[in-house]
Amino acid sequence: MTRLAQKLTTVEAAIARIPSGATLMVGGFGSPGTPFALLDELLAQGQDGLTLIKNDANEPGIGISRLIEAGRVSRLITSHIGLNRVAIEEMNEGRLSVEIYPQGILAEKIRCAGAGHYGFLTDIGLETDIGMPRREIECEGRNWALEPALRADFALVHAGLSDRYGNLIYNGTAANFNPLMAMAADEVIAQSFQVEEPGALSPTTVHTPCAFVSYLVQVPMSSSEQGRRAHAV
Amino acid sequence: MPYDQQRILARAAREIEPGQIVNLGIGLPSQLFNYIPDEAQVLVHSENGILGGRPCHPDEAIDYDMIDAGGAYITTCPGASLFDSSMSFAMIRRGRVDVTFMGAFEVDEVGNLANWKIPGKFSPGIGGAMELAQKVRRLVIMCSHNDKHGNPKILHRCRLPLTAPRCVSRIITDKAVMDVTPQGLEVVDIAEGLSIEELRAATEASLIIDASRVGSY
Amino acid sequence: MTRLAQKLTTVEAAIARIPSGATLMVGGFGSPGTPFALLDELLAQGQDGLTLIKNDANEPGIGISRLIEAGRVSRLITSHIGLNRVAIEEMNEGRLSVEIYPQGILAEKIRCAGAGHYGFLTDIGLETDIGMPRREIECEGRNWALEPALRADFALVHAGLSDRYGNLIYNGTAANFNPLMAMAADEVIAQSFQVEEPGALSPTTVHTPCAFVSYLVQVPMSSSEQGRRAHAV
Amino acid sequence: MPYDQQRILARAAREIEPGQIVNLGIGLPSQLFNYIPDEAQVLVHSENGILGGRPCHPDEAIDYDMIDAGGAYITTCPGASLFDSSMSFAMIRRGRVDVTFMGAFEVDEVGNLANWKIPGKFSPGIGGAMELAQKVRRLVIMCSHNDKHGNPKILHRCRLPLTAPRCVSRIITDKAVMDVTPQGLEVVDIAEGLSIEELRAATEASLIIDASRVGSY
């Protein structure tokens, strides 16, 4: 792990750690919690062949949709892309491979990797066709679907408030997948609007303990303005 | 012909009891938000991680980090809590949401629901619908009785891929309120001005109608 | 579920809901987070044949140890009872059936029930004898131990601060198993030192959302004094 | 004859690097708390749900809700966080703890550790030891080289039930510091005043000793 005092870095240096072909988790449900500044830097640096794991595909022209539109994403693991007609088109045209899970199952698959397990057994979707073959295991006279944990090489997360060690606090509904992804990826790059000295945050209010964060980048609030417009419909 | 959404909303609002925890699906159900009086002390759950959301008043400052699962800006009511997606769905799967309202493409006589996929036409993903349908104690469907071509949506058996089997408790359309019972679909209320014959004609499913007990709305 | 406005009740009424023979989860790691007032009322009311699930057995003369000493506990599912010589004696004499799990596995079994799954697959303890037969399942060329979820009829939890709807905030290290047990039991009885009106707690600082709490009891801080002495060694 | 705990503690403290996340087991390892300087900005993890604990000063007010996994009253240092038991062990199982220190009944040549159970005599439970031993990146054992009867604790093979197999990185006793290597136990340091022959006589395990490289402590 990165030493506590060495986590704060630049957006360029943090994103330069990501190679083409990497598997990336990206926080956010719609715009809140989406690490827009990290994603824009990833767009600028040019990595491609990416596998992205995100609840949704953002909306056209912002966030991960920019990467999809630029042809840099080969595979998307998600729950719902209904607010992004561009992503749906890319999927229908066969240019983007999309893997879809029920939202809570996607969250649990990620959390399961974060907890260090192989997988879990669920009854969600057992009698419906969710489009994915799943191994079923009989326990106590019933069948259960095995959902393997979902990990990633990197997680890109967004926090409203943090300290220099990488303790994160999410604002409003911006938590969503962020704390789960921070546990599940080998290397976690967090962006934060506000970075305080250690000791500034009340310990019981920390959502993601700094142990899970590898690198921290301070970004201006203006970096999320695209997302704000997108939801102000 | 646009269907009568107001009739559905007003009727659906009567399904909510004071002090309940309620989830509102995307589309028509999300408008129920405006039909819940503050004094009812109802907490609205959204999959993206909030219990106790309420709509922003037009003159209220927007917190851009506060949306519901449909993407609308919201704020909190007293007693609200914010949490991550795994906690949000634990709440759903453990039956801690009292009632959820959803739209539908098709519903049938045994309470099967199809509302997430039209093969070859529409497949944006599952979102939270599957877990809500499968696990919430009471699922109330709010939809037009017929599609825009006039075809029935209340069917003998669903033809589209299911969201969940045998999950629906009650169906509220612009034409009728129907309960899923072991005997089949039982009509509770008929829309004002509609005859039993007109209702049967607009419906593929068999309907159990006891004219002496049916109400109107 | 109990309606929001009807959760606040008396300790007598809340505990009277528990029948003899019930399976109870009890929060707390040592004294912090242990619901002493609820346990003392359970002792007074006389329910017996109880199965208790708690990280530890508290210390002699306090908390669940009082119930064990009074012969009211037939089975204890736990992680470590090393600080309670009475419980160890009861176990060695065969009067108390004790089931032991690695601490993090116990936590995850409870959390798994709270998340509504059947179980999870882990590699913890695979090559050691943890005294319990476990089903092993092969996935991707390796064996994993299946740990079924652990639920309960009731959970007794302790919070430092709450509101009348049952939103809970834990103080210091008093969280421990409490938030997990609040998710995993069919009925959750919470005790709190301080009960505020809804709106008094900041929504991002709530640890256990009120949806998981069935009944809430306000208890005086003096009810935990036994526990304070126990740790002041 | 009481063994030299101070020697073990002082030597073990040198294993901790600035900015690390460290877990201290019950007993002797927990005393390492007092050997970590504030300027090292080390965060101490305890299984019961804290990252960034530190001992209370004698004149500090006690928060009765703040204990470490051994039950001692503690407080927080800057950068601390508090969380539940599932988060605490997720941190352990995901390898987010850099180093953990533990006591031992027995350790052996391949790094097996036995420290939780003596069948028929002592079985208070597993606690967090199994997951810490199996998952923390670096496990340092702190124990007396011999038991109170003088029997060796550093064995060819452990005889007691294992906490975890092949988990130990380094062993620090009152007589030597040993690393577990693919070739076996390699002596790093010998306690001041002790000869190689005396060390071998007090040890059941084979020891690899390069006299020209061995240090003292």
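So that you can tell them apart, the chains are marked A, B, C and D in the order they are listed, and the count of residues begins at 1 in each.
What we mean here is this: a residue touches a chain if its C-beta (ideal position, glycine included) is under 8 Å from a C-beta of that chain, and two chains touch if they have at least 3 such contacts.
Values in this document were obtained by computation on a predicted structure and should not be read as measured data.
Novice: Would you pick out the chains that touch chain B and also touch chain C?
Specialist: A
Novice: Based on mean C-alpha positions, I'd like to know which chain lies farthest from chain A.
Specialist: Chain centre farthest from chain A's centre: D.
Novice: CA centre of chain A versus CA centre of chain D: separation in Å?
Specialist: 36
Novice: Just give me the whole-number Å value for how far the CA centre of chain C lies from that of chain D.
Specialist: So the centre of chain C lies 29 Å away from the centre of chain D.
Novice: Could you work out how far the Cα centre of chain A sits from that of chain C, in whole Å?
Specialist: 32
Novice: Do you know which chain A residues sit against two or more other chains?
Specialist: In chain A, residues 108, 115-117, 123, 170-172, 175, 204, 207 touch at least two other chains, as defined above.
Novice: Could you pull out the residues of chain D that touch at least 2 other chains?
Specialist: 50, 82-83, 86, 89, 92-93, 135
Novice: Go ahead and list every pair of chains that touch.
Specialist: A-B, A-C, A-D, B-C, C-D
Novice: Over in the complex, which chain A residues touch chain B? Could you list them?
Specialist: Interface residues on chain A, with respect to chain B: 29-33, 55-56, 78-83, 88, 100-105, 107-108, 111, 123-125, 127-130, 160, 170-180, 207, 224, 227-228, 231-233.
Novice: Looking at the complex, which residues from chain A come into contact with chain D?
Specialist: 1, 3-6, 114-117, 163-165, 167, 183, 197-199, 201, 203-204, 206, 209-212
Novice: Sort out for me which residues of chain B touch chain C in the complex.
Specialist: 17-21, 41, 43, 45, 50-52, 76, 78-83, 86-87, 89-94, 96-98, 135
Novice: Applying the document's contact rule, which stretches of chain C touch chain A when the two form their complex?
Specialist: Listed in rising order, the residues are 108, 112, 115-123, 137, 139, 144, 146, 148, 169-172, 175, 204-205, 207.
Novice: Which chain D residues qualify as touching chain C in the complex?
Specialist: Going by the criterion above, the answer is residues 46-50, 62-69, 71-73, 82-86, 88-89, 92-93, 123-131, 134-135, 161-165.
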